[in-house]
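Have a look at the structure below before the remarks.
For reference, chains read A, B and C in written order, and residue numbers begin at 1 within each chain.
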């Protein structure tokens, strides 16, 4: 027994001074700088941009509207990926994100259009209800000890079904329109559906730096007339998530809860509270997504957000997070979302048969996960 | 590990360069983009794809078909925005949800891109968003005509198998049918989902629970094919009055063996083919037909199956 | 002799009809290493969990600095200075040494309205404390997963000591380690003891216990078989007490005294 142990144990004996020197030489500073959870997604993002720059340069993909197009799609992914990322690092999944998007949207439309409440109140109600369901998700996972995969899978169906049921029962339709009129002039709706830097873009349009509309009632206006709040929300949530995770005490608890819940409990980390709060945060992100979408498009539909939970999880995994929890990066997840959005829209720009999208996505997912596994092993000394 | 990554990278670039080549080889003549609302799983749209490709070959233009993979209309809006950003010579799109799609379509029109609405939507909505014209089958009218026909055949109640509950325009077919019969739609319409075995079982369950149902109406091959199976399994095939919208291989077989009384053909081929021809001529010579084009409805019964059978699922 | 840091008197613990502990008494003095020996199922785990506040005793009393206390929760015991290092649940391998070291008690630095972790301070303290235990870290951001088993135990011990543990309970710290790592951990225990902290060292390996122990208590079938001071008892006698009977003595004879 003792012999075998001596052989497999790490060689940390001998005089301490020598020991230290020997270890410092092992790790070059370049390698240290490179080995981060985000590395895989940084490489992926560079690769994807080079790729599309080569094959779709002249397609309008890098014109202002083209950039806006894939930025908006990436921002949508990023918003739900931030929530999914923190939750996954805390060691849990939420498969009900997509259904939650449809559900929150219908709640907003139901209260504002069908029931005639002011828009800001409808939005607040949607957030409260959604985060309440997020809490319930978390509570059930903690109480029952069941895998969150199963509990949230149940809510994937429950919420989707409820959404369709509520919509049909109250309006006889699965799409509730007229949100745009209800949102007119509402202060909170503007926070989700407005645009910023409008003046700048008008100026850019007047200077001929970006092209303008040539026909219709918007003739003369720039084709891109501002940065949508959707993108602002995405950037805000990514910064918030990144600071929360890497710089705060709570962030340390998120890592701890996902890394080893039992060990975390022994040192006094309130693991249950951390996990439940992360479920609520995921629901919050899904509702941000839903609100932006409902305000922008002016209608809510019961089938919105289909499969979005997997798109969020894929973004997070491309971003270097570990499916089993305890390891990951919000910046990585945001880059994962960027890769996802650029590939999805870029393939259209490149004129590639759209059914190939999933092939590309699969290849990128595989590449990212292989690279990430390698990086993680380097960092943590797993073998 | 590193070698594996290297191989995969090489693979991606290889695929990429091949794709890149094909794109540049096709880039001559006009470029038209067709955006549909159909999820990948909806096989009916093959006819549209084939009609589009054929039209591209005939007029010498590059054509592209795009759709949101899950059928999410919000994703479709992004695709239209993307199509507009790529500056095509024309966009052909469905108007499955006018609330969502109005903005992107109006922006494309404002950029000076001609737009033709096909399939879903109404002629009024098409004019409203600034499209050149509407090519398709007015859904409510088609449903109404079918309902009136069924009433003449002595039908008084029905089941509507709706596999695209999220698309209110398609739902209009059921509403029209009910009005044609002169009955309330009520709970006659079921949300069947897209999965064939699910649809089959839901139809069987409904008919078992409502044995007095006199007719079944399906809204496309996605719901019709499993419904045919369901009727064969519960022994109602041939005895239950069965009408369907749209055609497909199985539907044609069904009409032939008497399971289905009639199919309403909206002739999707024309919905893809004609817009390309119209847009190309509009672009080249500035000529444009003065009116919307009704591609349907046409009733296909057992007596008129020759060409339909030959090209079912391909061009019919 | 001064008052023990902690003294457990006649502890009984029943789980339903099962009597896990039936009158166990142990005391720990400042600066001593008290070894708790016993075979699997002897009640060692139940006993240390009682001491750590995880279980509440059915009967008996706990004296802290001579005053009777009741630990209603684990947190309560931790606050009273009773720290436990569990055998395999000590560390989170994917997290850095600093993050593990400070887990649950992260130092806060205010930046405007934000309350951020003071990483400069945290890293410095971690490096210093680890160095004091004889472990030179490559960098404080190094993941615990890259450390050896003995080093992980040392991080956990250093953490408890830094956060003011008066009594340190080590649950089989050496059972999964090789010879060299074991000697490192035993050396760490010695350093901790010299700081005046009372160490409770749980083991079923008599040799490891003899190496650092000041007093030895043997548990068998939920009962104390007696406490002996260093030098009053031979390893063979301890071994025999642990086995609780004759069988092992004969077995040991046939194995040539190597167990």
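Just so it is clear, a residue touches a chain if its C-beta (ideal position, glycine included) is under 8 Å from a C-beta of that chain, and two chains touch if they have at least 3 such contacts.
Quantities reported herein were computed from a predicted structural model and do not represent experimental measurements.
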item: Chain contact topology (line, ring, star, complete or other); value: line
item: Per Cα centroids, the chain farthest from subunit C; value: B
item: Centroid distance [mean C-alpha coordinates] between subunit C and subunit A, Å; value: 43
item: Centroid spacing, where centroids are CA-atom means, of subunit A and subunit B in whole angstrom; value: 33
item: Intercentroid distance (Cα basis), subunit C paired with subunit B, Å; value: 71
item: Multi-chain contact sites of subunit C, meaning residues that touch two or more partners; value: none
item: Residues on subunit B engaged by subunit A in the complex (per definition of touch); value: 1, 4-5, 8-9, 11-13, 15-17, 19-20, 23, 26, 40, 62, 64-67, 69-74, 77-79, 81-87, 97-100, 102-103, 106-107, 109-112, 130, 165-166, 168, 191
item: Subunit C to subunit A touching residues, read off their complex; value: 74-75, 78, 84, 86, 89-95, 99, 102-106, 108, 114-117, 119, 134, 136, 138, 143, 145-151, 159, 177-181, 184
item: Complex contact set, residues of subunit A against subunit C; value: 2, 5-6, 8-10, 12-13, 16, 19-20, 23-24, 27, 243, 247-249, 251-253, 255-256, 259-260, 262-264, 266-269, 322, 326-327, 376, 379-382
item: Subunit A residues within the subunit B interface of the complex; value: 47, 51, 54-55, 59-61, 63, 65-66, 68-70, 72-73, 164, 173-175, 177-180, 211, 213-219, 221, 223, 293, 296-299, 301-307, 345, 348-352, 354-358, 360, 363-364, 366-367, 370-371, 374
